[in-house]
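In what comes next, subunit A is part of two complexes: it sits with subunit B in the first one and with subunit C in the second one.
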Partner chain A sequence: MKLAIKYFGQLAEITECSEEEFEFSGMKISDLREALFLKYSKLSNKDFQIAQNQVLVSDDTEITTNEIALLPPFAGG
Partner chain B sequence: MENKKPKNVFKEGAISSQFIADSIAKHQSKTGIGAHNIFLGQVRADEVNGKVVSAIEYTAYEEMANQKFYEIREAAFEKFDLNCMHIYHSIGKVNTGEICLFVFVSSPRRKEVFPAIEFIVEEIKANVPVFGKEIFEDESHQWKVNS
Partner chain C sequence: MSRYNRHIILSEIGQIGQDKISKAKVLVIGAGGLGCPVLQYLAAAGIGTLGIMDFDVVSESNLQRQVLFGTSTLSVNKALAAKKRLEDLNNTITINAYPKRLTSRNALEIFKNYDIIVDGTDNFETRYLVNDASILTNKPLVYGGIYKFEGQLSVFNYNNGPSYRCLFPSPPEAGTIPNCSEIGVLGVLPGIIGTMQANEVIKIILELGNVLSGRVLYYNALSSEMTSIKINKSETEIQKVINNKPFFNSKEEEIKCTVTIPEISIEEVFKNNNLQFIDVREMEEQPKVTSINPLYLPLSEFENNLDKIDLEKTKVIFCQAGIRSKSAVSILQKYRINNSYSIKEGALEIIEYIKKNGK
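Right, the complex of A and B next:
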């Protein structure tokens, strides 16, 4: 399936884009992490959470929508 | 959550003292209020390895952030006896010494507003996807992490 992935903060510096389409054949968030680490090896050193459809999800969550975001540590306020 | 659409909490650049003053003035007609409490987040000139932060440039996953602000707002109304509540967060560049977060709660009684403001600010820090690029005086940068 074709995912629309958004990258924020220092993660967008690594990917050199804030959003991209990403062709993906896995099932879970953990599979997606692996696929992204293959494309962007520097991501594997970074601390980030993943949101699916604007909700934070864990590694064993199944991917059911195409709106994905990689979120580095929060710094609001 | 139902059908209500979250409001946009973000304001471009720093939050001015005039804006804050005007917000306070707007409550004079709400005479059921007996106590206000305000939290203002200000950009600090941290020193890191001899370099001083001169500004923070904020970005956010805005759709998710506005939804989170909305949930925090609903939770605060549920927990505390509040007449009203306003939250504004900067997006874009805010210089040191300027205000980047404005939280304003009002209640009939003072005892509600102290825990309410703390609850809201801590929830924002922990759960809202806002990111801060700390820009140093020499134009280099690092990424802020809430502690």
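Right, the complex of A and C next:
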């Protein structure tokens, strides 16, 4: 499956893009995390949540659409 | 009163709506990049009681974005300086300044006097404290956060909606996500996000439109794009906060009991010999302090590279603002690597010191 992944904040600095197509064969969000850590090892040190189809989902959610976003918290104010 | 005429002639607000604004009590935590625009628009709108909490003083590097301050208020406490400026903007409202730090000891007592809380803080420790105190006092929380050219916005604890912990259950490890003083921020960005926070406050008071509850909005100032993500409420996360209420006041004690991180000023550093300087900033961060020939060990990979550190030498660690360097020293303490210090100042100050005084 080809996923369209959006990266925000510091995560986009690690992936060096704010959006990319990502070829993925796993089932769940947790599988996607692992696949992303393989491609970008520095992501594994970062805290972020994942949204599917613009809804925040948990690691055991099955991937059913191709629209994914990685959301980090921002400290600044 | 002609002051609020442009509100009153809007059929959606009218005199009734303006009266609601005049009766509202809003507490803004942090009078910085976000807090300044929030306060400016809320004072102008005629919020009856505005609370401003900030322990910090105005410094020159704040003026690029913190629009309530000027050269005449340098070194003045931000809550007091903001109050003075806002009293000139609107002398018909009550403004309470709290020139002190928000702690788990004073949070509940202060929050209970307000209807709505606004988070304009700049660190995760305080953000979680603000969130938890908002849950415990049952107040809606208008949240904003910024990072370089991007911002995020949401309304938490509104009409039984999700909280900050439903989005991010626990704080990231200290030092992994830098704040504006460490990494920089586009000055206009907090102006945009803060103004959007003020807008959500007004919508809550007037019960107008769709309040940004159950969603988090990401804004990118460079692409001018906004993305809205739905968040579900996690009863478990909220219940944990409520269950912890009896221990809330003692939280501070826990923090105090943790090991203190040895810090050192630049002047003291150069009185010592046999030093190993370690720069824990990420490789792309500037300016480099080449004259002291530091070891480059970015904090994100620090723990995996401890073998590169010369244990015989006194370890002196620095970063951009003296925050991440403390995290690095705490990692060293974890591995019992002693004789390690965090420089209080940042890279820029170190370069200036060396330029002026030599090593």
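In the analysis below, the second predicted complex is superposed on the first by the 73 of 77 C-alpha atoms of A that agree within 3 Å, B and C clash if a C-alpha of one lies under 4 Å from a C-alpha of the other, contacts with A are read in each partner's own complex, and residues count from 1 in each chain.
Note that contacts are C-beta pairs under 8 Å (C-beta built on N, C-alpha and C of every residue); 3 or more make two chains touch, one makes a residue touch a chain.
None of these values were measured; they are calculated from a predicted model.
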Which of subunit B and subunit C A:54 touches, first, second, both or neither: both
Partner chain in contact with A:22 - subunit B first, subunit C second, else both or neither: neither
Touched partner set for A:40, first subunit B, second subunit C, both or neither: neither
Touching partner for A:69 - first (subunit B), second (subunit C), both, neither: both
More subunit A residues in contact [subunit B versus subunit C]: C
Overlap of subunit C and subunit B interfaces on subunit A (superposed complexes): 6, 8-10, 51, 54-55, 69, 71-77
Parts of subunit A lying in touch with subunit B, wherever the complex brings them together: 6, 8-10, 51, 54-55, 69, 71-77
Residues on subunit B engaged by subunit A in the complex (per definition of touch): 41, 56, 58-61, 63-65, 67, 89, 100-101, 121, 124-133, 143-146
Residues of subunit A touching subunit C in the complex: 6, 8-10, 18, 42, 45-47, 49, 51, 54-56, 69, 71-77
Residues of subunit C that touch subunit A when the two form their complex: 30, 32-35, 119-124, 127, 144-148, 150-152, 167-168, 172-173, 176-180, 185, 190, 216, 218, 220, 223, 227-232, 300-301
